[in-house]
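Common to both upcoming complexes is chain A, partnered first by chain B, then by chain C.
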Partner chain A sequence: MDVDITEPDSPLEQLTRHWINERHAPDILPAQEALLSSILDHLRRQSDAVQLLRGDPSTSDDEHLRITLVQLDIERVKFIVRSYVRTRLFKIEKYARYITSNADIQTRLTAAERDHASRHADLTDRHFNFSVLQSLPEPQRHLDDETPYYMPPMVSAPDVTRPVFVHALVDCPPVVLPDGTRHEMLKGHISLTPFSVVEHLIARGEAELV
Partner chain B sequence: MSLPNTLRTSITPPELELIATQQLIEIIPLVSMERTVFISGVYGPLRPPNKAKVPLWIAVNLKMKRKCHIIAPNWLTIEYLQNQLALETSNPAFSELPFRYMEISKVLLDVASDDLEQPDKLRSLLKDFREARQAKSREGLKQLDHSELSLPNLSTMEINEIRPYFVEAMSILSRLALPPPRSDV
Partner chain C sequence: MSADVRQYGELGTQLLLESRRSTQTDTLLKYNDSLVRSIIREQRDLEKSLLSQISKTPENEPPPPAVIIIQTAILRNKRCLLAYHSHRLDRLRDTYWAVGGALPHILSDPDTRSKLSPHEVDYLRSYHSSAMDFRGEFSNELDIMASITVPPKELHVSVKVVKDCGVIQTELGTIDFKKGQRFMVRRADIEHLIVQGYLEEVSGP
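Showing the complex of A and B:
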């Protein structure tokens, strides 16, 4: 039962890790299109097999036990897939306007996600326009004005300085903390530190968020 | 909304349990089952009375149908926990426990208490751990600064418990540590 597993992670373990990382990270993490579609494929194959066996009257009682377990497995995986997708959807809608104007974050989204972000941004813009903005004087109609430092920005962007709990999966190269000191993270180490400090370790899979 | 408010800042204990039940545990099956392909991996075959290694969620499911006995992991024994608790209470640092010990011990005590030695004693030992470790987490708050706080050997559930407060506290500290913005006069 130890965490010390040397064999490579199964696709589901990888997805679970991406799911948890996504849930804790303030920013949107790189999309895992290939991994997700291979798991969705597997889900479909398993469901088809279960359907087939259920419809077969010659299936024995022992087989029923296996079928229940396989179904339970399917439901568990579906939960993780759904929660993962919903987490990304939530962040994409929240930062839709920021995404449309930032090329860097777009590289981390799939084509469908980029499309959704720009449509969502358009829709909210149109809605604001029709409901309020069109009746305001011209200079006050914009949604992306530069604001002075003491006011929150009009376009909400992910706050990468938000602290996260990070767990090193391997011995990581030292990271540089905001105060300029270097900090060594050996395998198994757990730290609370700003997301921007460990962002690259998460992307490389050397550390996970917990 | 795509993600309910309660799920936005943190993961929930049932979700942590879902993750923890993916870990493998030894059982003595009372039914046989062929080798079976799951999405999470390939498990089996089960051949009573031979021991087998399956994920905890399969073990729990079989146990609830009285179709297996679960073998307690070596850390969930009175002897191990007593020794470890002595270390925990005599040391200022967190002692080593499995990363997901809380979730696993809770699941096992809930569904398979008859497979564990003296479950009530185990419960009270685990409670002692919890209290000792909670006190240490609170102490840890004193060392919080704006850049880094090391928390070796803290388990997932404990992290989740301190998360909202620690994250918010550190955000505020880092905002205070920021160089004052140039005033635009």
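Showing the complex of A and C:
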């Protein structure tokens, strides 16, 4: 019998899980503003403490060694935060135009990310206008043409049918696969399913992407 | 004469081939202004023949099949043009992040600069200011522009100066980096200089 997971995860464990999920998910996952700001606050307090101890002449050699370890740890946590933020930024820029026209996905972004998305969508449109569209005949100048079925749409949207590997953290309620069959994952199981099938499990923290 | 005979969309295919070659060789190719212009010219001609086809059709009659062919060609060319430009923007953004958002570093490099169209330079400038706004949302503690390729293993790094880069603030105080010198410095303080090619990591003590 392994240990029950009633003990809540540490903020760093949560961050690591959100980071890995975000990197694997085709769609943009809900922003973790509270978690992120508490971790950043913590990092700041740690750095301040480190500065104070380093400046203190009574700090022993042994403590200096430990300070170095703390500093390295700070750098490593920052690395994860940075990578997490940048992963989201990459997706936001990729789907910028889609985000500006979709209220649902906007609820999953922070205010700063929403601003960046709309700035980015305008920036890209402007570049297309100056480089291409303004030289074309009037009827061809739009960025929202109706496309025939054999062409990809002009606004790229996240592909939620993309398959992902999902690892059940607890016994999950059954999910319905695209062909209608029910699929039940017990704790510890790993399955390959379309992202949309397990999206809600990931949002609730019952499963993680691997 | 026969060399001038082209199929619809042939130029568009050439443009896409450039994008593909750029991906395969992982390099930014020179902006192909003349090809882009030729396709835009083709688009204008196609639009004209489309209009003349439609005007020739008597009312109450379905348009001739030629209309569909021309429309498809127009649509395809347009998508090729946009795809080409969009692919280049992706590459430019990758370059931008690879040097940690040091825009002057990209624009002052004559080799890169010569490959960009004037609009692309404008784009990079606006993108830079947008990215800076976003960066400003985070506290001073966290610089989101820093590298995310390799997780840090050590606090300090031994570096060799490849290009003079002037006086830099580090935790040991200010250091004047002169070409040829070696230093042991805190990675976070000088990482951007490694990325931009001023300093080089030296392995071993």
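Following the convention adopted for this analysis, the second predicted complex is superposed on the first by the 204 of 210 C-alpha atoms of A that agree within 3 Å, B and C clash if a C-alpha of one lies under 4 Å from a C-alpha of the other, contacts with A are read in each partner's own complex, and residues count from 1 in each chain.
The rule is short, and it goes like this: contacts are C-beta pairs under 8 Å (C-beta built on N, C-alpha and C of every residue); 3 or more make two chains touch, one makes a residue touch a chain.
Computed from a prediction, not measured in an experiment: that's the story for all the values here.
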| item | value |
| --- | --- |
| Touched partner set for A:62, first chain B, second chain C, both or neither | first |
| Which superposed partner A:135 touches (first chain B, second chain C, both, neither) | second |
| Touched partner set for A:43, first chain B, second chain C, both or neither | both |
| Chain B versus chain C as contact partner of A:192, first or second or both or neither | first |
| Which of chain B and chain C A:157 touches, first, second, both or neither | neither |
| First (chain B), second (chain C), both or neither touched by A:24 | first |
| First, second, both or neither for A:16, with chain B first and chain C second | first |
| Partner chain(s) touched by A:35 [first = chain B, second = chain C, both, neither] | neither |
| Touched partner set for A:53, first chain B, second chain C, both or neither | neither |
| Contacts on chain A seen with chain B and repeated with chain C across the two complexes | 43, 68, 72, 76, 79-80, 83, 86, 89, 93, 148 |
| Residues of chain A touching chain C in the complex | 40, 43-44, 47, 68, 71-72, 75-76, 78-83, 85-86, 89, 93, 110, 112-113, 115-116, 119-120, 123-124, 126-128, 130-132, 135-137, 139-140, 145, 147-148, 151, 154 |
| Contact footprint of chain A on chain C as seen in their complex | 36, 40, 43-44, 47, 72, 74-75, 78-79, 81-82, 85-86, 89, 93, 97, 117, 119-120, 122-123, 126-127, 130, 133-134, 137-139, 141-144, 146, 148, 151-152, 154-155, 187-188 |
| Interfacial residue positions of chain B with respect to chain A in the complex | 1-3, 7-8, 10-11, 15, 18-19, 22-25, 31-34, 36, 38-41, 57-58, 61, 67, 73, 75, 98-100, 104, 144, 146-154, 156, 159, 163, 166-167, 170-171, 174, 177, 181, 184 |
| Residue ranges of chain A in contact with chain B within the complex | 1-3, 10, 12-13, 16, 20, 23-24, 39, 42-43, 46, 62, 65-66, 68-70, 72-74, 76-77, 79-80, 83, 86-87, 89-90, 93, 148-149, 161-165, 177-179, 181, 183, 188-194, 197, 210 |
